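Here is the structure we will look at.
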Amino acid sequence: MIRRERLIVETRGRGFRDLTARVREAVARLAGDCDGLAHLFCRHTSCSLIITENADPDVRGDLERLARRWAPDGDPIYAHELEGPDDMAAHARTVLTGCELTLPIEKGRLLLGTWQGIFLWEHRTTPHERELVLTVYS
Amino acid sequence: MIRRERLIVETRGRGFRDLTARVREAVARLAGDCDGLAHLFCRHTSCSLIITENADPDVRGDLERLARRWAPDGDPIYAHELEGPDDMAAHARTVLTGCELTLPIEKGRLLLGTWQGIFLWEHRTTPHERELVLTVYS
Amino acid sequence: MIRRERLIVETRGRGFRDLTARVREAVARLAGDCDGLAHLFCRHTSCSLIITENADPDVRGDLERLARRWAPDGDPIYAHELEGPDDMAAHARTVLTGCELTLPIEKGRLLLGTWQGIFLWEHRTTPHERELVLTVYS
């Protein structure tokens, strides 16, 4: 059986929003006590959905600092800069780190590891409203 | 219900092929007017399947230029160069950007965002025939 | 129908474990002779699940050498170094290359391409026990 829900995430500009509790709660509601899979899809090309360490916020700070090397803002090689120096950097970081995740569900609960959190990684410097599609297969 | 179709993509060497219209059409045919998920899998280790901005071709040009930094052709650290200087670069770019995608379907239509396109990114410099497996779950 | 199995992988420190035969065998057992999808999920934030070239071990050596550039050990920009110089590098490499894969199954067999292998890529320098969740949808 397929059940679906939209999630709206308001970002505050570049940085991470922890979605773990919210996705856990929606999955519990949609999956009942069934086994299955949850698919989370972000309908944008300038922010990522990732799984990473959930305990130490320094991990996210370090990822942000690494991303400046992977795809710097305002790099002289960019031809696409319609919306400013963070525009192309945001597209490239999204391609590198992905915009969708599939996660196992057991008896209605996400089977994440102890240290795994689900994060939306906003790559634009200004706040954005992001729309996610959560699909539960059980 | 599971329905499946093979897609053959002829590439012209390094660069992007926009598969969005073709995948939309196949999904509509396979999913009818159902909700579900589409899974697209590329059976190769030298080209990627990505979602990125669909409007400005400069975005793809900039990704290509960034990829030269992420995994340069003919880098002196490579031990694997059986098929030329683009061989290992192609494998590495594929690992970084991925070879499979899962996408939500609603009433037979792919739920992509306005600016999202589906692209096969060929990393070899010569043309190749690439085989994709599209699976629709509804 | 959903069937599931846990896989435990013992790593020997940084490097690759080829899981292809093991996943093929588990999929054959769980899927019977059905069509479907297999989902493989790694419950950790310091190792990746990737598909890459399965024939020449030099490809994996080259990936390891490239990863040193993508996310070096002990980089001065890291604030997170609780567990040593490979700690943050491991988280970053996992975010770049991913911790889950979805693969097509046809008549109980994984539809991998000829040169595609499934690898767990351990990013920590010391051995770890890694838990994977394999889910078969058919």
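Labels A, B and C are assigned to the chains in the order they are written; within every chain, residues are numbered from 1.
Note that a contact is a pair of C-beta atoms (placed from the backbone, for glycine too) under 8 Å apart; a residue touches a chain by one contact, two chains touch by 3 or more.
Here the structure is a predicted model, which is why all the values come from computation and not from measurement.
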If each chain is a node and each touching pair an edge, is that a line, ring, star, complete or other? complete
Cα superposition of subunit B on its sequence copy subunit C - rotation in ° rounded to nearest 5: 120
For the copies subunit A and subunit B, the interface residues, called same if over half of the numbers are used by both and different if under half, are different
Roughly how far is subunit A from subunit B, going centre to centre by Cα mean, in whole Å? 20
Contacts with 2+ other chains: residues of subunit C: 70, 96, 98, 102, 137
Complex interface listing, subunit A residues touching subunit B: 2, 4, 39, 41-45, 70-71, 75, 77-80, 82, 88, 91-92, 94-96, 98-100, 102, 131, 133, 135, 137
Of all residues in subunit A, which touch subunit C in the complex? 35-37, 50-53, 56, 58-59, 61-63, 65-66, 70, 96-98, 101-104, 106, 111-116, 137-138
